[in-house]
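The same subunit A turns up in both complexes below, where it pairs with subunit B and then with subunit C.
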Partner chain A sequence: MPQVIRKYCHVTHRSATVNGKAFPVAEVDGEGKFLTALYRSLKIDYPKFFKMDSLSKLGFLASELILRDEEPRFAPREDVAILCFNRSASLATDALYQVTIRRGDGCYPSPSLFVYTLPNIVTGEIAIRNKFFGETSFYVCKEWDVQQALRMAGQILCDGRTRAVLAAWVECFEEACEAFMMLVDTENQPGIPPEEIAFSTSKKTTWKN
Partner chain B sequence: MEELILQLKQEIIRVLNLEDVTPAGIADSAPLFGEGLGLDSIDALELIVLMEKRYGIKLKDPAQGREIFTSIRVMAEYIHANRTK
Partner chain C sequence: MIAIAGDNIISSLGFTAEECYRAVASGQSGVRLHRSFMGLPEPVMASTIDRERLADSFAALSPRPDGYTALEKAAILSVSSAAAQAQVDLADASVLFIFSSTKGNVHLLDETEAGFSRSHLYLWHTARLIAEFFGNPNAPLVVSNACISGACAQLAALRELASGAYRHAVVVGAEVLSRFIVSGFQSLKALSPEPCRPFDVARAGLNLGEAAATLIYRRVDKGAEATAGVALLQGAIRNDANHISGPSRTGEGSYLALKALLQEVAPADIAFINAHGTATAYNDSMETAAITRAGLSAAAVNSLKGYFGHTLGAAGVLESVISARALAGETALATRGFERSEAEHPLSVTDKNMHAHQACCVKMLSGFGGGNAALLFKKFKPR
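Presenting the complex of A and B:
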């Protein structure tokens, strides 16, 4: 059976949607605070969120939007894989970390920034939160290609173990920050046709943070 | 000492991004790790950096940190006795 999109969501600096419908977010307390407002609106109690870098926050919140109605939540699962893509890897956090190294008043490399100087940390954050023990992977590429993501998800779904894949574009660098995530499986036919989803990375999302 | 304890709580909240925690919400003698604030190993490294950067104290032995970071009060007492800035 072919892999299909069961659910998808999109998070930017000012909006969050699930299957194309806006997710209501409580009042945003200042510029650049949308992700925190979204976190509060999701009524999550996960203090580690505030320690994450922006890339992980984006991926984490997208996964929460997708998985919040899934049952059972937080039961250990080996049959869910995470497949992420973006353009700039962890460059935004790499730059912040570099500042802590070359600061004029002494060299104090930040351990909490250092741990986010790899883009695939976002897949780990999602896996830890949800107790997913399946395959995780992160690819750096120029643009999001939904057909390519579906093909790769399909290959993972052929491994005899995986039953669902969280496939996502999670990008955060300078003013371009957004996450698009979809839940892919083979069991919910016919699924959502990819051509019905209006998401492209060719138009840059601006974000003054 | 009470002033240093308050300052230390504020520093820890800022450095460790403890978003929903206030100085009043941290008991002076509550454990920092495990229970209490529930800090992790990366937080411990940030506390070591904080000690050096803010108070000029270099911790060379990681085991030393385990004793010093028992609670805010223990940490403040150590800082009071060893600070160089």
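Presenting the complex of A and C:
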């Protein structure tokens, strides 16, 4: 059976949709506050969220949008994999950490920032929240390619153990955030056609100079 | 199944796989004390690539040596050396490049660095420069999965070659040290002021290392397995689902990754397990728990961190190069720095080079984000 998309969501710094339908988010004060407003609108209690960097917050919220109606929730399982992609790895947090190691201005390297200077931390955050013991992988590429993500999810689904893959583009850079996440399996044929959800990733995610 | 067609290591111990393997087999270490390291206030025990030799070697390879960072030069040199051995035309569309690094050129964020555009900060850009150097037409895959990246890159090679789209995969891992990386590990209090001592009762933390390492894999067609040489049979990645920067006390993900491999191999056929073995208190205890739970406590276990330090995104490739050579040479290499186990954990950690005739070896890796990987190699007659 080929791998198919069962469900998907799209989150930016100003909107969230699930399967193409807007997810209602309560009033927001200022653009940077959208992810926190989305967290509140999801009505979950997970204080670790506030310790995460923007990349992890974004991926975490996308995974909540996808998984909130799934049953059973939080049962430990090894058969769900997490496969993420983005363009700039953890450069947004890297730049914040770099500031803490400037010489001679009273700054000290921050261990709590340093641990977020790896892009795959977002896959770990989602695994911890959901008790997913399956494969977690992070790839960096110039542009989001739904077909490539589906193909690689299909490779994981051939391993004899994995039954579902959360495959996602999770990009956070300066003010621009964009996540696209899909739940991929082989059991819900025919699934959602990929062309319905193909979108071009934001062009804003480039260094200003 | 995919087989090793060429290999290379650029490190403190040499610029070829052969040179590095011989150094390790004779007990040499590239880890040394740097009293002053990139202006950081504390001395650093680390293994570094000789920049002068790197620049000279690269200038001999390329007519236009400018425009490449040290990391890119090391990676290109490494691929070039492995390709000469594999006799593969890297410009062919049947070849896929897979690049593994945790931090790439992150040092370019430093205000003291000059001369390179910020595009080199993007891992995909660096990967393209490497592939384009060899005229390869395909977009490279780039793995950035913390310290298990080098194993993930090899698993990606296994999957991509199995899909039939490519005949060869060039897996190259590269990491250079920077104030960014060193200060980060210092802030986590993970660095040992002494040469590291993997699995030893007195271990006091890890040493960092720089390296570029390459494995060129070829697809082995059905019926040709018997003369494949050293092959990668299987790999597994599992998450601890426990903590983003600390390993699971019970070694959950690492145990599950080993368990997945044990469907393919009997414990009696394992010549040795090359552990991650960073020499931090938590990592080595976690791996001990995982290996014990998997029923492999009788197998010879080693770590190569005492020779090269922890080379981060290059470690999975580098340590697979050395382990594959050791497997072919029927040797379980000594764990440099190891003297005495913790009494309650009786793993068979190697304290000297030992004869090991079995056909298979296992490579283990663990990293931040809770990721754990295990790879299974098997030797056949050489082609």
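The working rule: the second predicted complex is superposed on the first by the 195 of 209 C-alpha atoms of A that agree within 3 Å, B and C clash if a C-alpha of one lies under 4 Å from a C-alpha of the other, contacts with A are read in each partner's own complex, and residues count from 1 in each chain.
Here is the rule we go by: contacts are C-beta pairs under 8 Å (C-beta built on N, C-alpha and C of every residue); 3 or more make two chains touch, one makes a residue touch a chain.
What you see is a predicted model, and the numbers here were worked out from it, not measured in a lab.
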item: Subunit B versus subunit C, judged by how many residues of subunit A each one touches; value: C
item: Which of subunit B and subunit C A:Ala127 touches, first, second, both or neither; value: second
item: Which of subunit B and subunit C A:Val115 touches, first, second, both or neither; value: both
item: Touched partner set for A:Pro190, first subunit B, second subunit C, both or neither; value: neither
item: Touched partner set for A:Pro47, first subunit B, second subunit C, both or neither; value: first
item: Subunit B versus subunit C as contact partner of A:Pro72, first or second or both or neither; value: neither
item: Footprint overlap on subunit A, where subunit B in one structure and subunit C in the other make contact; value: 108-111, 115
item: Of all residues in subunit B, those that touch subunit A in their complex; value: 16-20, 38, 42-43, 45-46, 49, 52-53
item: Parts of subunit A lying in touch with subunit C, wherever the complex brings them together; value: 76, 78, 82, 87-89, 91, 94-95, 97-98, 101-103, 108-111, 114-115, 117-121, 123-125, 127-128, 130-142, 151-152, 155, 159, 161, 207, 209
item: Subunit B contact footprint on subunit A (complex, rising order); value: 36, 47, 50-51, 106, 108-112, 115
item: Subunit C to subunit A touching residues, read off their complex; value: 39, 102-104, 106, 109-111, 118-119, 121-125, 139, 141-146, 152, 159-160, 163, 179-180, 183-184, 186-188, 236-245, 252-253, 256, 260, 367-371
